[in-house]
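Multiple structures are listed underneath, in structure tokens.
In the two complexes that follow, subunit A is the common piece, with subunit B as its partner first and subunit C second.
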Partner chain A sequence: MDRQAFRFARAALIVAVLAAAGGAAPASAAISGITGTTFNFTARDGFLANPDGSYIYFWGLADDGGTGEVQLPGPTLILSQGTMVTINLTNMLPEPVSLVFPGQEGPTQPVYDANGRLRSLAQEAAPSGGTRTYTFTAGAPGTYYYQSGTHLDKQIPLGLYGAIIVRPPIAGQAYADAATAYDREYLLLLADLDHRLSTAAESGLSFDSTDWIAGYWFINGRSATDTMSEDNVPWLPNQPYGAMVSMHPGETILLRVLNMGRDPHPFHTHGNHVLAVGRDGRLLSTGGAAGADLAEFHFTVPAGSGQTWDGLFTWSADNLGWDVYGHAPGDPMQVGEYAPDHGKAIPTQTPYLTSLQYGDLYSGSPLLGQTGPLPPDHPGLNQTGAFFYMWHSHRENEMTNLNDFPGGMMTMLAIEAPWVPIP
Partner chain B sequence: MRLCHGRRLRVLTVAAVLTLSFHGLSRAVTYNLRADYGSVTMPDGRVIPVWGFALGSGPVTIPGPTLEVPAGDTTLVINLTNNLAKPVSLVVAGLPATLSPVFDSGTPTRVVSFTHEAAPAGGPATYTFTGVRPGTFLYESGTDPSLEVQMGLFGAIVVRPATAGRAYDAPASAYDHEVVMLVSEIDPVFHDTVAQGKYAPEKTPETALPGEVTSTIDYHPKYFLVNDRPYTDPYAPFAGGRAGETTLIRLINAGLQTHSMELQGTRMDVIAQDGNLLGHPRTGRVSESLEAGQTLDILIRPATAGLYAFYDRRLNVTNAGAFPGGILAFIEVSPASGTVVKAHVQADGPARYCAGNVRRLDASRSTVLGCTSTPTYQWRLGGAPIAAATGVNYDVAQPAGAYSYTVDVTCPGGPAVTDTLAPPAVLEVVADVAPAEVTGLTVARKEFGILSATRDGLVIGWSPAAGAVSYIVYISATPSGPWTPYALGVTAIPTVVAVPSGTAYFRVAAVNFCGTVGP
Partner chain C sequence: MSAPMTARKEERALMRTRTAMTRLGLGLFLLCLALPGAAAAVNQLQCPNDIDKDPAGDFPGPGDIDHNGNGVLDVDPNAVCMWIQGGDGFVRMADGYTIYMFGFSPVPLALPEEQAQSYGALAANAPAPNIFLDEGQELYLNLGNTGFLVRLDVDDAHTVHWHGFPEQSAIHDGVPEVSPAPRIGTIFTYWYQAVRPGTYFYHCHFEAPEHIQLGMIGNLYVRPAQNGTDKEYPTGSGRHYNKFAYNDGDGRTGYNVEAALQVIDFDRYFHDVFMNVQPDPFYNSRSSYPLFNGRGYPDTIDTSPAGIENEVSGFRQPIHSLVEAVKGDRILLRLSNVSTNAHHTVQVLGIPMRVVAKDAKLLRGPTGADMSYMANSITFGGGEAYDVILDTKDVAPGTYFVYSRNLNDLNNYRQARGGLMTEIRVSAP
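Up next is the complex of A and B:
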């Protein structure tokens, strides 16, 4: 394989920016999840593979209709509004577990032990093979979640949670309002973990959750830099969901940000601000035909625990002052191009190659969608000339894996040239 | 200990010492508060020394009494007496007042209080808030607040608008029922340290003696309260009226941490923040952040009868790590129509307690709706009716053992409706058996710091004694006593104590669950 062919072979891996290697399918711009009306879940234990080389014990849910692998987060349920949902839960864990569905209508059904002590916020599946069926009707459109209703301070942080997406009847919108239309959508499920809880649970010991100090932070169940690997990569069998975000200039993407952790995770986007249009499955609106008139811009989405934020994000090289495509005046416009800068040259002269320090994500060209010469030892990770922006927890210490930077709650946005296909 | 909710709030208005003085159209309401020492017992039996507020000569409560400013009153006057050995003051974020900061006599001077103080051992001082406006507020000490607020000197203020049944004057703030939920946190080590006189802010961690705490930087709460207690069984839910009705939740955070309040099964409309009506309510929230010192007014309208769990999604739902506990509450919604009787009981202390004590079971928070007569009560032990136990309260004075109590609540006459408490209130009475003698005592001197000898400590170790929940380290100048306590409430073995001067002898005794000290 000559170098050029090798580079093209790796082009499919462009979204695996810092991943070591692999040949899996590219990340999907759709949210990975499962659809339907009846789901069969098994709660069991497993190990998370972390980029720092550690393996962390966790409790998760497996989709028995799919791979059957226990996963973090649990399978994402993608539902149509009004769907009557049935979840059959089998519990292979050593203690009772249950599921609750915050944001869905209906009172709590607490369970008490023989001594009159509250044990659970929902009927449980007994340990070691017990089953329990849960039903609910997918209510208003938006981003929701499920989580354990038993021994909350232990079972939720250990991993018994997952996202629920309820879609309105109109495709391509977050809500039944045209102001929430999008071209692509991404789920960013934020979570945290004190690994001492995991160690204690693995050994069957108790952990005083008031001593909680998180040391690992996840997006979609992965810590950076694994967040940037594709969905379903074979080396992360229990963490199937990637968190890489890709888009073309001029597109609008919908970000479904939800915080399943214990701590607040203010989520910071580089590249542009996020227009929050929904909270907890409610259009930010004064109501009626007013549209998303209470939408608000954030460069830090203040995602508190248990909150979901639906936000729109656009990028079109606005106000850079130069043409990211390197057009000459009179060239045709690209789709989504920022017109006022059309034909304006980049206001700098590229230094001699020997004077440059090459980042791993530099394509060899400052122009979008173009590549250029790179030194022989460069990893060549950016084969499509994409622009990359880091997205991360704005609590900067959360960009670590047990205090090692970079890691934790961090991923990348890739702006791809219009001619580069995003699956 | 008192839970403040709708009914109690109205009772308090009547019971409070009210001085109504008329100045044209505006009036003033006056409360006489006392800052004093007290204690609260956590569900696991741990006794927390607190500093708190009380009405008049009444008992200290955590939080302090909810102060209600009735409709039409625009001035709030609080007369504060102070039985503490530290100065105390009173501030209310959001209510207008003229503040007179107090400075110490150092060079340069430092502010020690946001406003004028009630002097130790008496006071008094008067705090006047004029032009008060409707809303939910938090009062707290403005003196050395990192110490005094954490110790318990805080409470809720509810200012009512002209129109009854509204949180503000706006029609959109109308409600059928209201509850006050004031959340707070307790770091038991800090409270013990302060109570034992080992809070030493004038020192640094390098110069502090073993056992001393120099700041609240290492704040580490283990208990999380909603009003006067963490979640504990038996539990009486907050009253949320009938299905389809609107309940106002006045949510206040007197703690130091951000809580994320999540409501299951129905949505929250946040209509006001910090006593300010929002121009546009934040509708349909599932989980809402409640910052330290913040107040939120929330309306809920559950459509279906049942219990609605409301808890801190940051999972502070334990009592020192034991689930369930902490900031976890239930709101009960009753069927839309008909006579409703639902038995609820709460106890005046932990369900596990020491023989020789009396535990009062209280059924006054049972739900009784649409009943035209006075409800009656019949208490039962193990299912069998207890003779003459027909009051709203029942005092349990039992020897060691486990006891399962229920109560029938009945609406007599008309369509008789009876409900029996379920699950039962299970009390565990623990025998007071003296703990075993402590053996295997070791003492070693160890240098902990590099700055001075004051950082030296004595590491005292011993073998755990049967029946012990904590230990007392005694000191004496002779091998035969007299012995005086040198470290109290010790739970870590070994423990580190300060190096005494001269020759010293140590003895360690175990303390059992009942507080009985062993040999």
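Up next is the complex of A and C:
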């Protein structure tokens, strides 16, 4: 319990500090990544800092045009539809590596050994300094990824992957269909790792992947509760992407859920359903002018291995039955408020402070954008009165860092009151 | 000594441990309750307009209040009041093993609040009490925290997370990191307006991987407002329904018989080491006892009203999973998976099945496209729910099985021919 409280406090501290500094929440509304037509990557090894105190050996990609730090996941490519992309890969790892681009059209140029056995799905960059150039055309809009095409069951879990986002010509939409418009977008790249593979690779030993049992789980390369820290925090130099999600009531956010792991991860979004409009970079549609007519609701997104899902999420306390702002009936309406509940009080009372345990991210008030009394030992981390919702794998075991709860594949959604700015 | 003999000896040893710990725990526990000032309860049971705590909290009785002074006691016929306690206990697996668990137990609303802890001691149920609501009802769900009779060192809180509740607030979402949760000896009240029909479920979210694995889950669904209207589906078929899974408009989710089947995996090793005050073994957690509604086959089809009895805490598994229908009926199965460690494929052998909803949403596209489909099975991970309708119109009377196609689920630990399985018995009209 004590350690749990500490960890949430550490993550939540950022919420508090930023809130005090300017009323800002830690998430940025745009997806961090790199744009362009030519990218120079280097495959290297490195270590991931985990909230359980361990450092996990991994193989990743570094953006030579950026910090040059090897990172998990690899740099997110944000591309315009139709872009001709060139990736120049330098390999500083001890074995050949390559890249393939699932969802993009065209053959992969496989490599066979002298006995005719498949060695790699794509042409390799030789170890210890070899280079290779890959090209593809960013096809249909959607969420995709790149990954190693060599020794897949070793190199992909070790970290040789990254997201690709292909944007349609119309800004602010996931697809050409206007029904996929959004106010903010977030990428949630899910992954898993058997730490014994990592240990073996660090020692140059082999690992029998048929014995796979994951012990660590990641969103955007980080385990909870580091998932809730900002992008590019200096204490996570090899894990630049945060996974905190923020929105205002009434907004629509686009979630790009991408499972790079070996295992399926049922991803549960507290607060509301996700309306899935695309899968594997294709609109859920009967085709043509029908639009996203096959869109489907999930309270748990069934993210299978290697699948990508594009979904829309909204929240406005619709039909909640009480006014989350605590308005009196005659008060003016708030932006995005669900009108029929205006002025209705919450039907229950909160008991005495001493009888309850208060989560570190509880504001002291049931109302949105307000704070209230908290026990003296409470850290008071929710200064903006945000509503927090846990988003996580509902294979609940995956909310751990090798036996340690909380951790793993978990992050939070913060719904901020309309007057609280979100960067 | 043979392996089975060794296993039996180990089991006897474990049982002795359990019995001893239970006696010790009960003594200390009752002592704590008796000591003045100890475990001081600041309870506050909240039911709508009903401070007399009559058994049916939504009916008028002495002590009810006339808030607006119109001479009529204020009673909201749409309000439902429930009281459950979170605590620990034991249940009996189908191979005879008595396993330690955390769980919720039902409490009569008339019980004096100061008796909640002794009433809830070792009362954990598998699964938690059913919550079945009608669309439009409000639920006042009072959650008390009994404490842990066998694990007196644990001071965990509990919560209720209504899994999948759309447009939820933070305070009633039941995530302890972001909301209040009742300490031992106290009560917190959740409130919900059930306006969106469908198959959900509920569970404790306190240290969720632990409390869910230990058993704090239950069935929860909302029946649609369309219930009670007569619809013929398909039109001209002569088949009429007045109960439906969803507000489908045309009766396509009409059914005659319904059953909620909830999947959870009990990891025997996890439960045993947890009871013996060891760190949680989340890594490589496996399913020793895959269960429908807290029981493995053939206990799933034991319809005795009191349920399954265990030697430590009595009858704590009241819900059977036998489905009985008459040929010609349509059967609605409300399937949910709350496993902490596995996906499952649940298959129905011999009755045509249509998948009509997922995650409490009718499989119907934004512009009305019918996305329901015929299948023999559904595959789902923890946190997912499906509604399927089985049509017995064209099948012969007999016994039909619902079972896991993950074949190693068909065991009660080392006992074969059990596990995640139940029966549908179709009788002649």
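Just a few scattered comments:
In this section, the second predicted complex is superposed on the first by the 385 of 423 C-alpha atoms of A that agree within 3 Å, B and C clash if a C-alpha of one lies under 4 Å from a C-alpha of the other, contacts with A are read in each partner's own complex, and residues count from 1 in each chain.
Going forward, a residue touches a chain if its C-beta (ideal position, glycine included) is under 8 Å from a C-beta of that chain, and two chains touch if they have at least 3 such contacts.
For clarity, every value in this text was computed on a predicted model and none was experimentally measured.
By the document's definition of touching, of the two partners only subunit B reaches A:P102; subunit C does not.
Set side by side, subunit B and subunit C differ in how many residues of subunit A they touch, and the one touching more is C.
In the superposed pair of complexes, A:I213 makes contact with subunit C only, with no contact to subunit B. When both complexes are overlaid on chain A, the residue A:M399 reaches subunit C alone and has no touch with subunit B. Once the two complexes are laid over each other on the shared chain, residue contacts for A:T348 go to subunit C alone; subunit B is not touched.
Of the two partner chains, subunit C is the only one that A:M390 touches; subunit B does not reach it. By the touch criterion defined above, A:D331 lies against neither subunit B nor subunit C after alignment on the C-alpha atoms of chain A. When the two complexes are overlaid on their common chain A, residue A:R117 makes contact with subunit B while staying clear of subunit C. In the superposition on chain A, contact of A:P302 is made with both subunit B and subunit C. Residues 264, 286, 294, 302 of subunit A are contacted both by subunit B in one complex and by subunit C in the other. Subunit B contributes residues 220-222, 231, 233-235, 258, 260, 262-267, 280, 282-289, 302-309, 311, 313-318, 320-321, 323-324, 330, 333, 402, 404, 423-426 to its touches with subunit A in the complex.
Residue ranges of subunit A in contact with subunit B, taken from their complex: 100, 102-110, 112, 115-119, 121, 140, 144, 151-154, 156-157, 206-212, 262-264, 279-282, 286, 294, 302, 304-308. Taken in their complex, subunit C has these residues touching subunit A: 41-44, 46, 48, 138, 140, 155-157, 161, 163-164, 166-171, 173, 175-183, 185-193, 195-196, 205, 207-210, 212-213, 279-285, 339-343, 358-361, 363, 365-367, 369, 371, 380-385. Of all the residues in subunit A, the ones that touch subunit C in their complex are 1, 4, 8, 179, 213, 215, 264-266, 268, 270-273, 275, 286, 290-300, 302, 315-322, 324, 346-352, 354-362, 366, 382, 387-390, 392, 394-397, 399-400, 402-403, 405-406, 412, 415.
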